[in-house]
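Common to both upcoming complexes is chain A, partnered first by chain B, then by chain C.
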Partner chain A sequence: MSVKEIAKNDFTRFVGTLIRTEKVFGVQAKGDRFDFAPLESAQDLRLDYDVTLQPPKKYFLPPAEVLLTYQVGGPYQSQLDGQEFILLGVHPYDMVAINQMDELFQQDNYDTHYMTRRHNATIIACDVAKPSDHVFASSMGTAVVKKGYDILLTDIGDSFVAEAATPKGEQLLAKAKGAAADAQALKKREDIWARNKKSLNKHELKCDPAYLPKVLAKAYKHPVWEEKAKTCFSCGSCNQVCPTCYCFNVQDDVNWDLKTGQRLREWDGCLLDGFTKVAPAHEFRKARADRFRHRLYRKATYVPQKLGGQIACVGCGRCVGACLPDIANPVNIYNRLIDDLGIG
Partner chain B sequence: MCQCCAEKKDIYLPQLATVADISQMNVTEKYLRLALEDGQFDFIPGQFVEVSLSGIGEAPITISSSPTLGDSFELVVRKVGRVSSAIHNLQRGDKVGIRGPLGRGVYPVEECKGKNLVFICGGIGMVPQRSFIKYVLDNRNDYGDVAILQGTKSYDLRLFTSEIEAWGKRGDVQMLETLDEGDARWKGNVGVVTKLVSKVETDLKSAMILVCGPPIMYKFVLMALAEHEVSHQNIFLNLERKMKCGVGKCGHCQINNAYVCMSGPVFRYSDLASLPEAI
Partner chain C sequence: MAKPKIAIFDFACCEGCQLQIVNLEEEILSLLGVADVVEWREAMSEKSDEYDIAIIEGSITRMEDEERLKRIRGCAKVLIALGACAMTGGVNKLKNNFEDFEEVKKCVYGKAAGKPHLRTAVTKAVGEVVQVDYAVPGCPIDGKEFTYIVRSLLMGKKPEIPDYPVCVECKANGNPCLWQYDQVCLGPIIRAGCGARCPSNGFRCFGCRGYVDNPNVDAAKDVINRFGLNLDDLKTKMVLFGSKQEPTIYE
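And then the complex of A and B:
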């Protein structure tokens, strides 16, 4: 597969070409922050961003989507989203999260709704140019990524190194003006990878993430859950901004004609009160501290069991910034447990 | 658009089934017999289906009939929420959506062969248990002694009264029934279902114990079984949780790391030791 060096103005022209022919979602400024949105002008693309407000998860698992349509009392029809698109500017930690979701939505029962969107996507990832205030991807081993994308971009100053990783990426990259990247450009990229592996670390985990399940195995009754949950609003912000949270609700919606309707899948969150409530009134995970603990156990014990041991926290730091009472930082919690319980 | 997904089965897509029979069992429970439009429906006792009412939603309901019934299956639904209330309004001939059978944690149909069985049912816990009970009675020679313990809150909430009466008269089933509250119309046992445990004639220690009831019941049943030194390997509990997808994705039914829709709903008690949220 090709590795090209593309001058920045040529890259902007390349993006302009893509926008004219394809549906492109890219990272743009939103006030003084950043977010993924439909890209209408190549000038709006901001690959120098630190972190987006929402992870790119929403393009594969939208906040609300139609799974099925029906006629009341009649048959149901599957609805698969057929639009092909390019997702431009995915950071390595978010790419790791997408790779994990790909596995989870294919495992055991293949989810055609998620996978159709995933197959329709061409992902252009990009290495982090500027660390965000709360990133800890270096601690989680997600500061660089080697798979999942179709093209990987690295900003090396006046140009990008662009490497195609799939036939789809190769085909797209052929449209960009640029020569094969030389040894000097590749060296600069290596340096950026080496830098990011250390510097995307505003919070430092005190152990290799592979040890986290062992730490949690001893931490079920630790007081930290109660202490943190005391000020938790159960607002679900941590769930909402998390690139690896994928719990959802399913409900029906009837149209005005009262004859047709759709079955919707919508994001849900395990921190929300009522997540485990059954009719008429029994709630299985009623205590806030239990819900708080459940989320942290999902990230570092339960979901990893489905992912061959990979920790389902990618260190994006979004939950740290989104949590009003400032209790969500997983590194603080895991470090506290490591201090109290050791990693053995 | 990706063709490979369009050709794969949609795990959220219900098939249509027709309400072949529906009747009111008591104040809160409705009985339904459903037949899928394409006829074929194979399941193992303990499995559940997601029942869809278009415009209302979907709810997980464990199958109450035995696979030996043939090409239709039975459900019993308590009127408690939106979907279950709408199910109560169905008429014979109406269509509902069905996904399933779901759940890989089922009754240990094979493991129980040749062994003595004790079913402990609390209230509508009888409904899922009945699937295995009827299977056992249809294959009576494959199993040892059978004792069925049923505890119900009050006289008017009793379910399957004629079936229970018939089981009691068979001669090869020890049928024990109790009501939490006494009633002038009731001449039998009064008290909670755990009081019946010591009346079981078969040796509990070597028996397979199958339990289903409201969440509160499990602790007390397990305490009673502990007095008889029943091995945790031989106790099976049928657990209920909120479920949305039924296919191991949505997260609602998780008990620690176990998805009830995947690993359950029937669990071996010794497997629950690592799941503090289970009971």
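And then the complex of A and C:
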């Protein structure tokens, strides 16, 4: 597969070509923040972004979608949207999250809705140019990524190094003007990778993430859960902005004829009240702490069990910035447990 | 099977919620296809005393209204509180923050304050007078949510109204949090279901859908401190729809 060096203005022209021929979602400014949105003009693309408000998971698992339409007591019809698209500007930590979701949505029940969208996507990832306020990808081993994307971009100053990783990516990259990247360009890329492996670390985890399941194995009754949950709103913001949270809720809505209807799937979150509808009213506080604990166990115990040990927090830092009472930071909690319980 | 009969009644309110129903236009015709609307002052003039579903708009502010509401409850199999006024007392409960209602009346109505039809008592939500089976939150209600609830009931199914806060929908819409832009948003303690309409348009949630069942007020106080504000900054925001209220719980 080819590795090209593309001058910045040639890259802009390349993006312009993509927009004219394909459906492109790319990172753009949203007020003084950034987010993925339909890309109308190559000028709007902001690969110098720090972090997007929402992770790109919404393109594979939308906040709400119609799974099927049905006749009451009768047959049903699957609803699938089949449009191909390009996702432009996915950071390495988000790419790792997508790779994890890909595995999860193929396990047990193969999820046709997720996987159809995933197969329709061409992902152009890009290395981080500017760390966000709360990123800790370096701690989680997700500051650089080696698989999942079709093309990987690295900003090396006046140009991008663009590496194709799949035939789809190769085909796209053929449309960009640029020569094979030389040793100098590749060296610059190596340097950026080395830098990011250290510098995307606004919060520093005190152990190799591989030890986290061991730490948590001793932490179920630790006081930290009650302490933090005291000021938890159960607002689910930490779930909603997380690239590896994928819980959903399925609900039916019948039409006015009362004979036909649709089955909807919506994002849910383990922090939300009513997620487990069994909690009796007088146990609210305890239940809040249980839900709070569940998220941290899910990231570093339950999901890793399904993913050959991979930790399901990729260190994007979004939950840290989204939590108003500032209790969601996984590093703070894991470090506290490491201090109290050790990693052995 | 005969079509179920629906009756709509209003008490102290602005009738904005009924207007939301009238505005549904096409959907109203669909509703009339599956149910008979037997009493509805805003849209028709018939009177009837038998109905399967009574929909109550407005809050209860006079003794004679309590009697009327109890009569309605007696005739209805299912009773739905429509909108914030009915569900929680809504803005009408602002009055309950004052002790001297004569003063309040003078302030609101001026010289007319003494007229007999302006008699007033402590504002009550519908659920404080009779048993409420279902409630449609909001000021005004969301028309889509209303029709979803009615359809569910006609199907004999329990409608699912969110018991999670507005932040969930706000985040699903991809909004940055308004607290980071100096707005005291009540989203974290207010019931979702409006699609986070206000924060998605850049305006803080002022709580029209009422509290979630178990709002974490301690957390709200903590956040107020974190953002260098004082408790009054929060209280003044909560007074409009949260006056004299316990969290609303309808099973």
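Quick note on the criterion: the second predicted complex is superposed on the first by the 327 of 344 C-alpha atoms of A that agree within 3 Å, B and C clash if a C-alpha of one lies under 4 Å from a C-alpha of the other, contacts with A are read in each partner's own complex, and residues count from 1 in each chain.
In this text, a residue touches a chain if its C-beta (ideal position, glycine included) is under 8 Å from a C-beta of that chain, and two chains touch if they have at least 3 such contacts.
Only a predicted model underlies this, so the values are computations on that prediction, with no experimental measurement involved.
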{"item": "Partner chain(s) touched by A:P63 [first = chain B, second = chain C, both, neither]", "value": "second"}
{"item": "Touched partner set for A:T116, first chain B, second chain C, both or neither", "value": "first"}
{"item": "Which of chain B and chain C A:W256 touches, first, second, both or neither", "value": "second"}
{"item": "Partner, of chain C and chain B, that touches more residues belonging to chain A", "value": "B"}
{"item": "Which superposed partner A:D48 touches (first chain B, second chain C, both, neither)", "value": "neither"}
{"item": "First, second, both or neither for A:D340, with chain B first and chain C second", "value": "neither"}
{"item": "Partner chain in contact with A:C235 - chain B first, chain C second, else both or neither", "value": "second"}
{"item": "First, second, both or neither for A:D208, with chain B first and chain C second", "value": "neither"}
{"item": "Partner chain(s) touched by A:E190 [first = chain B, second = chain C, both, neither]", "value": "neither"}
{"item": "Doubly contacted residues of chain A, that is, touched by chain B and again by chain C", "value": "251, 254, 258, 284"}
{"item": "Interfacial residue positions of chain C with respect to chain A in the complex", "value": "27, 30-31, 33-34, 147-148, 151-152, 154-155, 157, 160, 162-165, 167-168, 171-177, 179, 187-189, 212-214, 216, 218-220, 222-223, 226"}
{"item": "Of chain B, residues touching chain A in the complex", "value": "1-2, 4-6, 8-14, 16, 52, 54-58, 80-82, 84, 94-95, 97, 215, 240-242, 244-245, 247-252, 254-257, 262, 276-277"}
{"item": "Contact footprint of chain B on chain A as seen in their complex", "value": "67-68, 70-76, 78, 80, 82-84, 104-105, 107-113, 115-116, 119-120, 220, 246-252, 254, 258, 261, 263, 265, 268, 270, 275-280, 282, 284-285, 290, 294, 297-298, 301-302, 305"}
{"item": "Residue ranges of chain A in contact with chain C within the complex", "value": "30-31, 33, 35, 53-54, 58, 63-64, 230-237, 240-241, 251, 253-258, 267, 269, 272-274, 284, 288, 322, 324-326"}
